[in-house]
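First up is the structure itself, then whatever we jot down about it.
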Amino acid sequence: MSLLSLIFDALLGLGLLWLAWRAVSSPGLFASVVLFMVFGFVMAITWARLGAPDLALAEAAISAGLTGALLLSACKAALTDTGNDNELPDEPSTVRRRWPAALICTGLGAVLSIVMIQVAANRAAVPPALAEAVTTHPLDNPITVMLLDLRGYDTLLEVTVLLTAFLGVRILLEQTELPRLHAPRATTPLMVDPLLAMATPVLLMTALYLFWTGMEAPGGAFQAGALLGALGVMYTLTGRFEPLDRTPVLLRLGLILGPGMFAIFACLALTWSEWPLAYPAGATGAAAVAIEFTLMISIAVTLTLLFSATPGLHARHMGVRHP
Amino acid sequence: MSGILAFSLTAGLLFALGLYGMLTRTGLIHRLLGANIMAAAVFLFLVVLSTRATEAGADPVPEVMVLTGIVISISLTAFGLVLIRYLRAMTGQATLPRSGREGDGHSGDD
Amino acid sequence: MNSFLMSAGLFLLINLAVGLLRLYRGPGPADRIQALLLFGTTTVAVLLLLAYAEALPALVHVALVFVMLAAIASIAFVQLPHRTGKD
Amino acid sequence: MSTWLAIALILIGCSFFLAGTVGLLRFPDTHSRLHALTKADNLGLGFICAGLAVHDGSLTGTIHLLFVWALAMMAATVSAFLIARWADEEPEH
């Protein structure tokens, strides 16, 4: 078993290295993008091997769904923006300063590897205070405990980072007229309609399920929100959501819901405790669920808008179809 | 866990590969991929660090940090891609402007 | 049984490594995307095998998320214009 | 008994994956590769799910695995259709 695991891990590592190498060194944009997407898949297997299913879940939702769509849309934008109809554009001069960079990176890689192996070879225990806090907490999953309780700020910052990135994108979009991308092609109802009809309820239910099991098993607000965001991206890609050049009020509310709840809760917490973000005694579970739920909605809305790179979206009426 | 050696070696080399991509490529999307690979290397190393504490289960702190890190790197990528489109709309190409065509050691780097 | 599951996973991983050859060779975008499809399915299978080999039932959820989002890449891909730019 | 059944099913699944990979590498054009890939792989995934379900034996586990397989087939159907049509529209061939 252990020899088997060793071979498995070594193969995973080699695969990661080869994929990374090809992704940064292959000349074409499209080839690199696909290689990077596969890199994400292998990364998910690696998290699974390292016994970190939380990360595997996040990586799966992000690299299988969102990053791929994002990077492929970037390929499309590269074609549209340059008006280059013939080929996915390669760079003008693909590689420069190859030898000095290779020398520096080889040296750095060697030093880093040696240091990392030595650091990782030392066993370290979980600090006792942390271990005790984790084991005596009413919520079971230690990662969730960390996310919700010991470092509530962490989740707040996560959603804030997403929101900030979206605000940045929105500011950029106001600065300039980017060329409009071609309208989505896959609007034909033939195969995509049944897919969406099935995928929508399944994704919604799975997101809720992941959210709920996140209390005692890996999962939780971010993973569930990422799934919902992927659903939104799917709707945008197939033309069911259409871009707007303003942000509708409902979407603004969705964007701010999670951070807003967090902030209100932090202030309210000062009435029953001297610390912001402290849960009321006896209602920890309920408060945590309420906050996580609003965070999930905000994460979903922010991811959809961020990945569609538009200030706003609205549902298109699909009522009358022309055969 | 047997993977510690293999994965810490991988993490070190991955970081170097990502950096190599960022230093040598001129295309900005390729550079963004390089930055993402560097981030993945850091995440990998943090998780390896968290699994080595096996007496009382894995140490949750690095894993939570990596979860946040994944969110940050995805936000960075999304923002970066829009920034690249913006640059392309301004200058007509997706590379950083350079002062001289050859032999300038410092310009055009992130 | 566990080492059997693990070796099945290893076999699929080797399979995946061989499939990388198609990704390397191309030639067209459609071929690369096909390789991506293969990797998606194989990754799901490896995750399922690992879930039982390592007794981590949460990995089944990971596999579930993977297959649910598998179609997005294809939908995003067919938005790309063809190389000759007929679109 | 059920252990052997599970092993047999998983082995069959692996062989289908092998077939899919060989097809992806050896077949000459996009459409035949697509044909080899989407059918063989999802059958292989189905056998592996079946084998793991036999190994697991619990109802929830079986439902999860069945769900994974059903979704994989749905996604593969749509993907194969979209990619095949995309390749068809490509004017060069």
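Note that the chains are named A, B, C and D in the order they appear, and that numbering of residues resets to 1 at the start of each chain.
Here is the rule we use: a contact is a pair of C-beta atoms (placed from the backbone, for glycine too) under 8 Å apart; a residue touches a chain by one contact, two chains touch by 3 or more.
Predicted model, so just to flag it, every value in this text is computed and none were measured.
Across A-D and A-B, it is A-B that has more C-beta pairs touching.
Per-chain CA centroids place subunit A at a distance of 27 Å from subunit D.
If each chain is reduced to the centroid of its CA atoms, subunit B and subunit D end up 33 Å from each other.
For this pair, subunit A with subunit B, the centres built from the Cα atoms lie 15 Å apart.
Spacing of subunit A relative to subunit C, judged by their CA centroids, is 19 angstrom. Residues of subunit D in contact with at least two other chains: 71, 74-75, 78, 82.
Of all residues in subunit C, those that touch two or more other chains are 16, 33, 35, 57, 64, 68, 70-71, 73, 75, 77-78, 83-84. Annotation for subunit B: no residues touch two or more other chains.
According to the touch criterion at the top of this document, the contacting chain pairs are A-B, A-C, A-D, C-D. Only residues 1, 4-5, 7-8, 11-12, 14-15, 18-19, 22, 30-31, 34-35, 37-38, 41-42, 44-45, 48-49, 51, 53-54, 56-57, 60-61, 64-66, 68-69, 72-73, 75-76, 79, 85-88, 182, 184-186, 192, 195, 199, 202-203, 206, 210, 213, 217-219, 223, 227, 230, 233-234, 237-238 of subunit A touch subunit C when the two sit together in their complex.
Subunit B makes touch with subunit A in their complex at residues 1-27, 29-30, 33-34, 36-37, 40, 43-45, 47-61, 63-64, 66-68, 70-72, 74-79, 81-86, 88-90, 92-95.
Listing the residues of subunit C that touch subunit A in their complex gives 2-3, 6-7, 9-10, 13-14, 16-17, 20, 23-24, 26, 29, 32-33, 35-36, 39-40, 43, 46-47, 50-51, 54, 56-59, 61-62, 64-66, 68-73, 75-81, 83-85, 87. Interface residues of subunit D, counted against subunit A in their complex, comprise 71, 74-75, 77-78, 81-82.
Those residues of subunit C lying in contact with subunit D across their complex are 1, 4-5, 8, 11-12, 15-16, 18-19, 21-22, 28, 30-31, 33-35, 37-38, 41-42, 44-45, 48-49, 52, 57, 60, 63-64, 67-68, 70-71, 73-75, 77-78, 82-84, 86.
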